[in-house]
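For reference, the structure is listed below as structure tokens.
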Amino acid sequence: MTLGNTFGNIFRITTWGESHGPGIGVVVDGCPPRIAVSEKDIQFELNRRRPGQSKITTPRKEADVCRILSGVLNGKTLGTPIAVWVDNFDARSTDYQEIEKAYRPSHADYTTQMKYGIRDAAGGGRSSARETIGRVAAGAIAKNILNGHHIEVIAYVKRVYDIEAEVNVRSVRLRDVEKNIVRCPDPLAAQAMISTIEQMRAEGDSVGGVIEAVVRGVPVGLGSPVFSKLEADLAQGLLSLPASKGFEVGSGFSGTFMRGSEHNDVFEAKKGKISTRTNNSGGIQGGISNGENIVLRVAFKPTATILRSQETVTTKGKKTNLKPRGRHDPCVLPRAVPMVESMIRLVLVDHLLLHRAQTGEE
Amino acid sequence: MTLGNTFGNIFRITTWGESHGPGIGVVVDGCPPRIAVSEKDIQFELNRRRPGQSKITTPRKEADVCRILSGVLNGKTLGTPIAVWVDNFDARSTDYQEIEKAYRPSHADYTTQMKYGIRDAAGGGRSSARETIGRVAAGAIAKNILNGHHIEVIAYVKRVYDIEAEVNVRSVRLRDVEKNIVRCPDPLAAQAMISTIEQMRAEGDSVGGVIEAVVRGVPVGLGSPVFSKLEADLAQGLLSLPASKGFEVGSGFSGTFMRGSEHNDVFEAKKGKISTRTNNSGGIQGGISNGENIVLRVAFKPTATILRSQETVTTKGKKTNLKPRGRHDPCVLPRAVPMVESMIRLVLVDHLLLHRAQTGEE
Amino acid sequence: MTLGNTFGNIFRITTWGESHGPGIGVVVDGCPPRIAVSEKDIQFELNRRRPGQSKITTPRKEADVCRILSGVLNGKTLGTPIAVWVDNFDARSTDYQEIEKAYRPSHADYTTQMKYGIRDAAGGGRSSARETIGRVAAGAIAKNILNGHHIEVIAYVKRVYDIEAEVNVRSVRLRDVEKNIVRCPDPLAAQAMISTIEQMRAEGDSVGGVIEAVVRGVPVGLGSPVFSKLEADLAQGLLSLPASKGFEVGSGFSGTFMRGSEHNDVFEAKKGKISTRTNNSGGIQGGISNGENIVLRVAFKPTATILRSQETVTTKGKKTNLKPRGRHDPCVLPRAVPMVESMIRLVLVDHLLLHRAQTGEE
Amino acid sequence: MTLGNTFGNIFRITTWGESHGPGIGVVVDGCPPRIAVSEKDIQFELNRRRPGQSKITTPRKEADVCRILSGVLNGKTLGTPIAVWVDNFDARSTDYQEIEKAYRPSHADYTTQMKYGIRDAAGGGRSSARETIGRVAAGAIAKNILNGHHIEVIAYVKRVYDIEAEVNVRSVRLRDVEKNIVRCPDPLAAQAMISTIEQMRAEGDSVGGVIEAVVRGVPVGLGSPVFSKLEADLAQGLLSLPASKGFEVGSGFSGTFMRGSEHNDVFEAKKGKISTRTNNSGGIQGGISNGENIVLRVAFKPTATILRSQETVTTKGKKTNLKPRGRHDPCVLPRAVPMVESMIRLVLVDHLLLHRAQTGEE
């Protein structure tokens, strides 16, 4: 049922709001009743996403304070739609007057104008990463559901530009991720990443990289064999994040350099529990979770907004030069970590409920 | 509306059929009326997918002859559901008696059994690549619609194991792809790929690789800014193919090694037509097609079925060794080419109709 | 997710097939695994729907023998799509040559032609009641699921033209309904109805009437408070049956002649079990089942096909007279009984699974 | 795609908000771009729905002032989600303390509690008719789209209790409906209806009735032949309104007292335009609009809230008496008129877009 601004089948979220409009919001429908949910839970995740949180993120000043408007009574979900709203404060539409007249390279300005014949130029309107507030708020609700199933989702920055971190997917913890502003649990790599990002900002340039995520505690049986393969829905959710360009699960692209005899994950039985010796499958076989850790990676391109003069064309098709004055992130990855976690959680909760619907199993 | 065995929102396909049951089929709903469709068109694509087509594919003998059962009158679609059916002939359920008792490594046997508490062991049941007959048949119908919009989808084998082809996405033609049995338009690379695959078969082993696809002639405006980003729906479709482990569009993972100033695609205006100088975006910006070629890649793991003895466990959780006797492809890529094209076509037609629905534009 | 030829959200059916094409079929997706399903179960319901079953139905000769093509292994569902197929034998396309040239009054000929710019004139193509074979086959599968929950659906002819039956919704049994060819459990009324229908046939005319249905054993909690109200989904399903013109639940239209103080259903508690003294609500309050019997009624118009000369216009817009030669039912109600039951069952199973998905309760 | 709190397939609305929470809202997704939409347009319809508008409606004082929060720029839609919000002011949760302890007869209290294991007792929470604010706001946007297609939807009170109005569906105008507080265009009947409703209020009782609606200017071709029959989707939408118990289109239940030869609508051609002499079909044939006026009726039960002592049971299952102190409407029909219009408009716009998607026709 994912379509337009709605994501999910049973646990469904609908997001709304332009970057420089009155606010940003989300409606979560199909949530199980009697789940503990508070504004504090949601705020924790929104704070990890919000701009201005550190020297390596955009200086746009937004407290991003959330309000729950429906669906929760005395800290418990009612089973009715949960509406969450966040105000936009630091809107500076004047920053965007030039953008009304010319298309920023590798932004959505041109395609939006051509598709709809109209667009809200300020801050990219609906194509702004600000839209992800709704996803992260909904993801915080999903997190509380997953906690009840002892399912843990941890994402972190695996690589910035050419600096790659070493991370143990079995042991990495949230606190390791949150120890530094770049959200990389490898302290040495983190330091190098921060330097690189600061250098990019100084040069008015930007970099991309890779976010890796691990899901621990997944039961066997989530997903289904054909179009709703678990990895397919994860890919849909993650490729719908702004600036993402690639997705892989388990061995991914590098697994194509292995033979079948190396790649196959041998089954073992320990004390009656079946597991696999290796995990090239990344926790999913035939579209269905096999109980191992789900491991996936998402590639994010270098931020399109750079503070350098670039050639482009005006909306009238004339050659021009454009030097954006809007605030920007020289690297989206630190703030994308909670977005990645949220999309994974939304997919997992939806599949938990779908699995329960069809099979009656938790 | 993609859920379970249904894919798409307006142009929707539902596939059915087990590998060793009476047959495999698909129902296509929401197809525009008065589109020319024939069994010959569908057969052309099915023949590219069918087993036994060459020495490097599985020897299972299936003519895979299709019959259109509804929705077409005198060679034109009626706007009603189009049902297509293909018989299974060369079913050898006896080959699979061992599989009923033990789980094949990196197959769906274990997850299917655990999810449903029941499974059709013969040939992997619903998890068999045979299921993709329905997708390819539906993709052939989608192809006829895209032809009417001058949109051309070409996929080919870009890499097998460590042998990478050089292909020009602007000029590659179907006939170049079909010139050899591995479906790689670079003749030298093709030869090396075929040798590698033959060697793998001789060793009872398997390899994977990468399929690349290019879409030419896409209008500006397909896709939407949030969850139905064009690349997100493409990722969903392509990651739902058996054995796929990764997806990337445009610069993909390698684009993360570029700076924003290198990666951004500068707009140019030539004779009133806006285009981009480079195409790191892969034809999609902000989730919406920008009129450039869409370029994407899909990673396929080495085939899980290998004709070697492997450690595993029985359905009772006992250690055992298993040497599959079922027929297999030592490399799925040559037959996956029409599958990749089909999934892309299904996504594009659905987005063409969605775009027309919302904006009234073709 | 009901759209086009697909009905349901979790338990979803997709039907296909034209009246005079090779066959008619259905694909059932999302069915729970390990449900007992046999061709015999399906055939039982199809026999109640099939033409030629008695002197008061159309003489078209169809055995309507079903074949299960997928999704069932050794009499148990696999959790994969269940495809069911029925051949068309007694197709006489020549009967319909006149219909290609002129629009039958109150049929779908004109609207189909105008919508799609093409139509399959033979037997009404997709608008034929023959399409309901797929619904009834799927309904038989749903019946087996409901049996496991001790939920019983019984429909019967409540009124033909002006002959109304007296039926006790608490005690009526399937065997009472099947005692006569008109499917009315009131023997005296049944006799009069049969006479009326025979008279109509003799006069080349037709009649309509009302089917009533009762659902016993429904748990409290099916349905939801806003758009997926249980009665709303029932109305959708039942108004999608050919020739239906009205729907009501509980007191329905006649309840509008009561005051609130008369209409309200007082709650009572007996041995810890809460029930209502009256049942004007028809078993649904606020869109959710309350554990009482669900009682509903569907109005079916007199069959549009009558064997009399009627004024109409040709496809070129010229005045003409048309006397159909196709076979017809002088009254659709006896055969509509299993259709009504099937649509109710499909809605109930879908809501059982939706309820389980959101709340974890059976 | 109608599910839970979302209605529609292409033009989709999601409503949220409890009766006594901070507010009520709606998100409209899939709206075509460049449609003129203003808060004034929405307010006009909300004012027709709001409480306290006359002496025969509930005295709850709510201005129901709307704010558009997204999706509209300079009075034109952007093609992005349109969020509309209305504050709740006159919330008096103390009125509802008794309701927390006992179930009101024929309300959703009991079923909600049993389904979710939790409920917001104040004002009925999500089951309050206050939820329909979101529908009416969205319906006002749909109205502006329909205006562009010259499609006009007019609903009015056809009957209150046993007082039936005479109304000409071909000529009735909005101004006739709005001339009196009961929204009945027959002045004499209106007077009698008002008296009856006032008498009911005086007696602490309530009445129901029938709303009729006519749609003029519908093009041929909306709807489809099987599950998405236009009347089926209308029935779904209208039976999802609070207090509705029945739906009929065209001749409806009374048409079952006609013979086919009387009921069939003969086609005529006048100046090349095909129309029908009678309109027993109610503007829909085979699930598809035929260009005649769509005429339908909805039955609304007497309001469940009555200011009289009623027997009931407590949440602990004990016998008790309950005399509600909450404010109420002695008859919901006057305020239900804009709700009925809104649901019809939502269905029509969705089908206009679906038709355009599949056929390319406006």
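Lettered A, B, C and D in written order, each chain numbered from 1.
Just so we're on the same page, contacts are C-beta pairs under 8 Å (C-beta built on N, C-alpha and C of every residue); 3 or more make two chains touch, one makes a residue touch a chain.
If you're wondering where the values come from, they're calculated on a predicted model, not measured in any experiment.
S.K.: Farthest chain from chain C, comparing Cα centres?
M.R.: Max centre-to-centre separation from chain C belongs to A.
S.K.: Tell me which of B-D and C-D has more C-beta pairs in contact.
M.R.: Between the two chain pairs, C-D has more contacting C-beta pairs.
S.K.: With centres defined as the mean C-alpha position, give me the chain C-chain D separation in Å.
M.R.: Those two chain centres are 26 Å apart.
S.K.: From the mean C-alpha coordinate of chain B to that of chain C, what's the distance rounded to whole Å?
M.R.: Whole-Å distance between the two chain centres: 38.
S.K.: Centroid of chain B to centroid of chain D, CA atoms only: how many Å?
M.R.: Comparing mean C-alpha positions, chain D is 45 Å from chain B.
S.K.: Which positions in chain D are in touch with at least two other chains?
M.R.: Those would be 1, 3-6, 15, 30, 33, 79-80, 115-117, 126, 225, 359.
S.K.: Applying the document's contact rule, which stretches of chain D touch chain A when the two form their complex?
M.R.: 1, 3-6, 12, 14-18, 21-23, 25, 27, 29-30, 33-34, 67, 69-71, 73, 76-83, 115-120, 125-126
S.K.: Using the touch definition from the top, list the residues of chain C that touch chain D in their complex.
M.R.: These residues of chain C touch chain D: 1-7, 9, 15, 103, 105-108, 110-112, 114-117, 124, 126-127, 131, 159, 161-162, 200, 205-210, 220-221, 223-229, 231-240, 242, 244-253, 255-269, 272, 274, 276, 280-282, 285-290, 299-306, 308, 310-313, 317-319, 355, 359.
S.K.: Would you mind writing out the residues of chain D in touch with chain B in their complex?
M.R.: 1, 10, 30-33, 79-80, 225, 353-354, 356-360, 362
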